[in-house]
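One structure below.
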């Protein structure tokens, strides 16, 4: 496997779907929201993506069986007036710069094959400090979109995020704009440590409002706790095995989740 | 040499062979067991694999001659009711993420050319602590296989290995499953420091039972000591030459064995 | 996007243009001068270059809209006796060795398509110490060019820069020479910390004299302050997000600007 | 330039030439000897090799002109009974694993185009301690060659170099052997710090004896001092510019010379 492998699990027809992306990142905010939506909306898996840009790893499930690390795309058929959705989730983002560009192009190719016209990329914005009142910061591909988001309680600060947006969420906007796709990044403001369910619930609240899709938040906190447990295990194991780990020194397994 | 080179040393015919993999890793458990099996079973080398994903290095043997670092596949013709085996051993695993994926695909291509239907990937599970009573932890590609292994004294814990399995052993399961090959990872629980012959002998005991192939364990301890000596030398030399080593900063030579 | 993408924004005809390069580097001297020239001369953007060798990132502008990181080439039509110019600026240099070579080849291909016969690569030379009286150090592709530059107050020291010139500025000279293009590197001597407007104004003064193009320096100091603010933000954010940043461990975001 | 570029400067005919390699490495022993031989024997340059696997850098010469970093092959026509030689020298070795394999294959392709049947790879063996009485350690592709070298005062220790040989010198033996070329590595035992002229003169003494080519050693010490000065400059500049250096974090510029 020298190239990324896109495996189509199921063929579906969707009407002008909106793409929601929530891969691991700062405070695992995006991943937590998107995983939660997949579960609550009972979205069905239609695509699996395997790539040499992911860590060379399998996850071990509670029953002792394994799962090759991957990204996945789920489809949700909107009820009544709800829009259709594609939801992109996964265990990892690319471990290399070049991989981010390659994978993002593949995601956009898939999106365009479904005639996606709008993308919501979910993430966290780490302040490194305790966050008192959670809010959601935005960035978007056009000034009209910025204005639209302001109406939806998304906050825009003149100088933030000063460092730009790194990883898939950033590239979906930047590369999406080059292809003429409208895209918004919704960043839950978070301390940035481990998994932040408060920032996630605020992102989910605002995204639900934007999409006009109601998603129960009851299980969100519990899901955050589970995710935190897994991440804790991963970090513990990394420490234990570090001196002999069968992996090159470049790996960054920090945002597993 | 921009691509991995598979050099077939000898053509053999095998009947539904089982693939056993033991490359360097945590506690050198997998490598120690597989190297030992090759010696004790007098398996014959049939394939050599050279790759730009291995460190750019030759090993120097005791007589002053050299050996290009590589992976090797040996064949064992089972006696009486014993199954045939392919045994994969080597000096190194890939030094890069992408290399792990590429090499694992090559290993699986070779396995499929021999109609391999089952793989045992051997490794160690590092606890970072002294291990009192050695046991063997498992992971497998299906729940049926998990149940079968439990019958053979392989231990499955609900939350371990929480960090998943990294490197060739992990990918042989994950990528193997995608190709419909049954695969099991047998991990000797080890402190994870240097070479652990106790963990190795426990893995060998259980694997022998599963395969129905008896392998003398007498030489195992001595072999572990030799391996430890070589690793010690490697580490010493690395320290001595570090400031001027003719190699990029990315190398991870830690799990040489 | 596995390959670098050259997007031509506008077709222009130029007469024997001179290429001026000012990408981020030591003390941001080159970037500051070239950005300033683009603004003051009202040069027009003709080419955008996107590459997987740049960090996987978008910049967020003050109004909340985003910009995919990239390199850009601007054209300036010389007035009266002034020469025509191509000015190469950007957010980043390549994050990898190989990318530097690839991007530099692309820059030279573009230059040759415009019949560029001379290149001025702008940069900084960091001394690590406070610089009392700024001056401009040079290096060039031929001894005739060295002599010509000495007439223009460019300083040549027998043993400096002893370490050679690294990155795009270096390769434009080295690879340019292999293609028969005359090229000069003008390095403002700087302490090397953050953005150095004094070194930049000295480089600009000398370059203006060489080109015979007058460029107002009034706004230079202010522009340096803005650039410093952005870099400060970037560094702050990097620190805050470091533990969970959705990017592999290889990235070097230090010379963003 | 995505690929390594082999530029043939001059066509020459050689009779069964021997390849001598001396690229930067431990104690700069190999580079010092090979550079010295090129000068003393007035060998002529026939090939230049440019590669994206070298650092993206130009060297600045004393007169202010620049030189793209590269590897070079020189030809020496043996006088009387002397053998013909190809001498491989350069500013750098590859900065990546994969590059080492690719460049070594290119070197061997060139060697085979000249019908090279024997290679001497020169290097240093760093002990990390002061070396009282210099000697030359060996490794070779066959036991016959080991015996032959023992007759020439080359030392073979049963357990050294325990860590194998890393970089071009190692691969020329390992990959050379796979192509059926006899190859010897001669390693001057050195403390490993900076440039070691004593280890170099011992390697040169033994190599001269083996080749039957007399090379004056008078200028060797002086050449070592010059090389040390350049390396000192490089290291100084690296320290000064480190915080903003326009190069990714992976680079290993330590063995420039």
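By written order: A, B, C and D. Residues from 1 in each chain.
Following the convention adopted for this analysis, a contact is a pair of C-beta atoms (placed from the backbone, for glycine too) under 8 Å apart; a residue touches a chain by one contact, two chains touch by 3 or more.
For clarity, every value in this text was computed on a predicted model and none was experimentally measured.
Most remote chain with respect to subunit D, judged by CA-atom centres, is A.
Two copies of one sequence, subunit A and subunit C, touch each other mainly through non-matching residues, since under half of the numbers at the interface are common to both. Rounded to whole angstrom, the centroid-to-centroid distance between subunit B and subunit D, based on C-alpha atoms, equals 35 Å.
If each chain is reduced to the centroid of its CA atoms, subunit A and subunit D end up 49 Å from each other.
Residue positions of subunit D touching 2 or more other chains: 95-96, 250-251.
Contacting chain pairs (ordered by label): A-B, A-C, B-D, C-D. Across the complex, subunit C meets subunit A through its residues 1-2, 7, 50, 52-60, 62-69, 95-96, 229-230, 232-241, 243-251, 253, 256.
Remark: subunit A residues 23-28, 93-102, 104-105, 123-124, 126-128, 138-143, 145-146, 149, 156, 158-171, 173-175, 177-178, 185, 192-193, 250-252, 254-255 touch subunit C in the complex.
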